[in-house]
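Have a look at the structure that comes next, please.
The first chain written gets the first letter, and so on, giving A, B and C; residue counts start at 1 in each chain.
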Amino acid sequence: MGFADADLAAIWLTLRLAGVTTALLLLTGTPIAWWLARTRSGWKGPVGAVVALPIVLPPTVIGFYLLLAMGPHGPVGQLTQSLGLGTLPFTFWGLVVASVFYSMPFVVQPIQNAIEALGERPLEVAATLRASPWDCFWSVVLPQARPGFLTAGILGFAHTVGEFGVVLMIGGNIPGVTRVVSVQIYDHVEALEYAEAHWLAAAMVIFSFLVLLALYTLNPTGRRK
Amino acid sequence: MSHIHARFKLDWPGFSLDVDLDLPARGVTALFGHSGSGKTTLLRCIAGLERAPGGYVAIDGEVWQDADRFLPTHQRPLGYVFQEASLFQHLSARGNLEYGRKRAKGVMGRAALDHVIELLGIGALLERRPDQLSGGERQRVAIARALAVKPRLLLMDEPLAALDLARKQEILPYLERLHDELEIPILYVSHSPDEVARLADHIVVMQAGRSVASGPLVETLARLDLPIRLGEDAGVVLDAVVEERDTQWQLARAAFASNADASVWVRDGGHAIGHRVRVRILARDVSLALTRHSGTSIQNILPGVVAELADDTHPALALVRINVGGAALVARLTRRSAHDLGLTPGSIIYAQIKAVALIG
Amino acid sequence: MQPTRLFVPLFALLCAFSVRAAEVSVAVAANFTAPMKAIAAEFAKDTGHQAKLAFGATGKFYAQIKNGAPFQMLLSADDETPAKLIQEGMAVADSRYTYAIGTLVLWSAQPGYVDAKGEVLKKGRFNKIALANSKLAPYGKAAVEVLSGMGLINAVAPKFVQGENISQTFQFASTGNAELGFVALSQVMKNGKIASGSAWIVPSKLHSPIRQDAVILAAGKGNAAAEALMKYLQGDKARAIVKSYGYDI
């Protein structure tokens, strides 16, 4: 007994989704985290709250609104249609967009904390040593806040892998496109295929444990040698 | 002659800065004042770390900031030493030095870099990580790092303030060597009269965001009308030349004016004859007499003329400026002594100097 | 009016003495939520028994029942789950009853999009068609049978988006994310009419019947209220309610 082809397809899809999502999350979350860590603007509170919303909202709420927003009559849907991209629900990229939104706080917050902990001084020092802000980001912020970025990447990846409710709402359960591991497990359970469900579910448990283990090993107490 | 011109006006809640300074772009200029007087803010404005709209900075006519432009910090050819060393934790000492060196326009040559390393005595520390260095060592690396960008102006913000006395004593000689050996003008923020006396050529006294006195150190310290009271630290600094060495008693005679009387005996610091040294004479260590006493332990008794009298911090005390062979000394007496001796400007007196510090 | 008012408390009193009013805890398939609420209200009024309802997915109820959930009765969304429970000794063998037969409908949120014969399927000018998970949900299985019977399954399958259950399928279609959806008539019918959009009521001969079976569970064996409710479901009043919600019986 082991993984059926459909299970392997779901695993591969899930890893691909989590990988693409994590890359996009780091790309978009870093500037947001940077801004949140350093701004003195009055918008800091509202923006931070919006970013954190997915932590408290049930996935069904997010999925429902994404379904409406990305649908043919929703604002996002109108935009993607006018760009000739069609609509996003039931597509891989629809899941990516939803996952990016859904996992954003798990990426933004560790990076924001790391940048805040870094403080202003290293940036000022770099500036007096001829480093432009861009240069400084790569040569000082990134290496010094590396544990924060690692945490963000791992959490973003793991959270996307574990995502279920939102995928269910906008995925449409299309094999190889939107049928990810969590949905596959759900289907197995619903179809009373408990043995198959066990294989995948156990794999998820082990994966999640390893991820958290990696996290705690990498950042024991934030102290580094 | 080259100049540093800096003009800033800032109005923050609870703090304002309003300065217009024209400073010599050579030697060490101390920005001196109590904490909160605005000296660090001024330094940060000059560096561009603080944005002061409407400010103006130019070095040798090269404008860094005026009404129309604002050169960001990383484009200003300066070096900056912060109060805490602030070394990059992820780089070794050498990595820290190289960080700025390779980004600077006109990269500092290997020989020049080696000279800086030697000057600050950090050759043996280069492969260490910042957390393997002592506080003093870290600060020396930070100073070398600032120099390795070949700055046209070195800004130092109380580089010794975070260190204990022993570490201060460890670094001060290196700073004096910088002063003696480098051509780079230095703006040095400090609230320590001792550091200023040892290092500065020029002083700007800051109070409540304003410059209240500015001028060459020797002249400015001899002024009795300094708006900022130095208390126990009141005194003068004199630039002198070693003229004679008494090898039997390990003493040297330092002359601070052409007049033969204008010299003091100090502990022999091992300097050759003709070497330039700096001595500091605190007002509390100078007493005055109408005649030259004999039978006293005091070695340095110099004839002079009273130039000016002024009140000191305590109502019982007075400060007296004395002209000795063209140089100024300041003595602190009780007002009763001054009265009993009948001191007025023009009185001829003998200054009895109990202690002289050779400070470089 | 007057005599009834007097009669009701009296009747209740009598009941309390003759048949003790009891309670039954019922797991109800989500698609049957609205009719079951109406039936339970009538049931309480007519018999004095209380039916405590829990709504959800049949597969989940099955897992819960197998793991000791204290439900006494199951109104399943299919006929397989009750059969399986009986076979496993988790339900009372002879209690099985088909309380409703679902009616499949091809529906679109756009008025006029679906014609009266379902020709829209053959033209194939749509991007997505929503149906319930054909592996899990009877409505999904029926939809696949319909498409297979029409010879369209291969052409249409790439356009499938599958809801986990019939409610989610309806959601996909009602938000317009899928132009078409195979949904339950009970979802789009109001007061005996298609409430909005356009629909083709799929003839029942095109697919095997979507039987929804009820069964008394082991925990409900001998429970008077459970037996009463099972009987009540078979009565005219309950059957009328079921039909009014778009089910067959």
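As a working rule, a residue touches a chain if its C-beta (ideal position, glycine included) is under 8 Å from a C-beta of that chain, and two chains touch if they have at least 3 such contacts.
Bear in mind that the values here come from a model prediction, so they are computed numbers and not experimental data.
Each chain's centre was taken as the mean of its CA atoms, and the one lying most distant from chain B is C.
Measuring from the average of all protein CA coordinates, the nearest chain centre is that of A.
Centroids built from CA atoms put chain C at 38 Å from chain A. One simple way to say how far apart two chains are is to compare their mean CA positions; for chain B and chain C this gives 91 Å.
Distance between chain A and chain B, defined via averaged C-alpha coordinates, is recorded as 55 Å. Across the complex, chain A is touched by residues 57, 59-60, 62-63, 84, 127-128, 130, 133, 135-136, 160-164, 168, 171-172, 175-178 of chain C.
Of all the residues in chain A, the ones that touch chain C in their complex are 64, 67-68, 70-73, 86-87, 89-90, 168-174, 183, 186-187, 189-192. Every residue of chain A that touches chain B in the complex is listed here, in rising order: 121-122, 124-133, 135-136, 139-140, 143-144. Of all residues in chain B, only 47-49, 72-75, 78-80, 82, 84, 86, 88-90, 99-100, 103-105, 145-146, 149 touch chain A in the complex they form.
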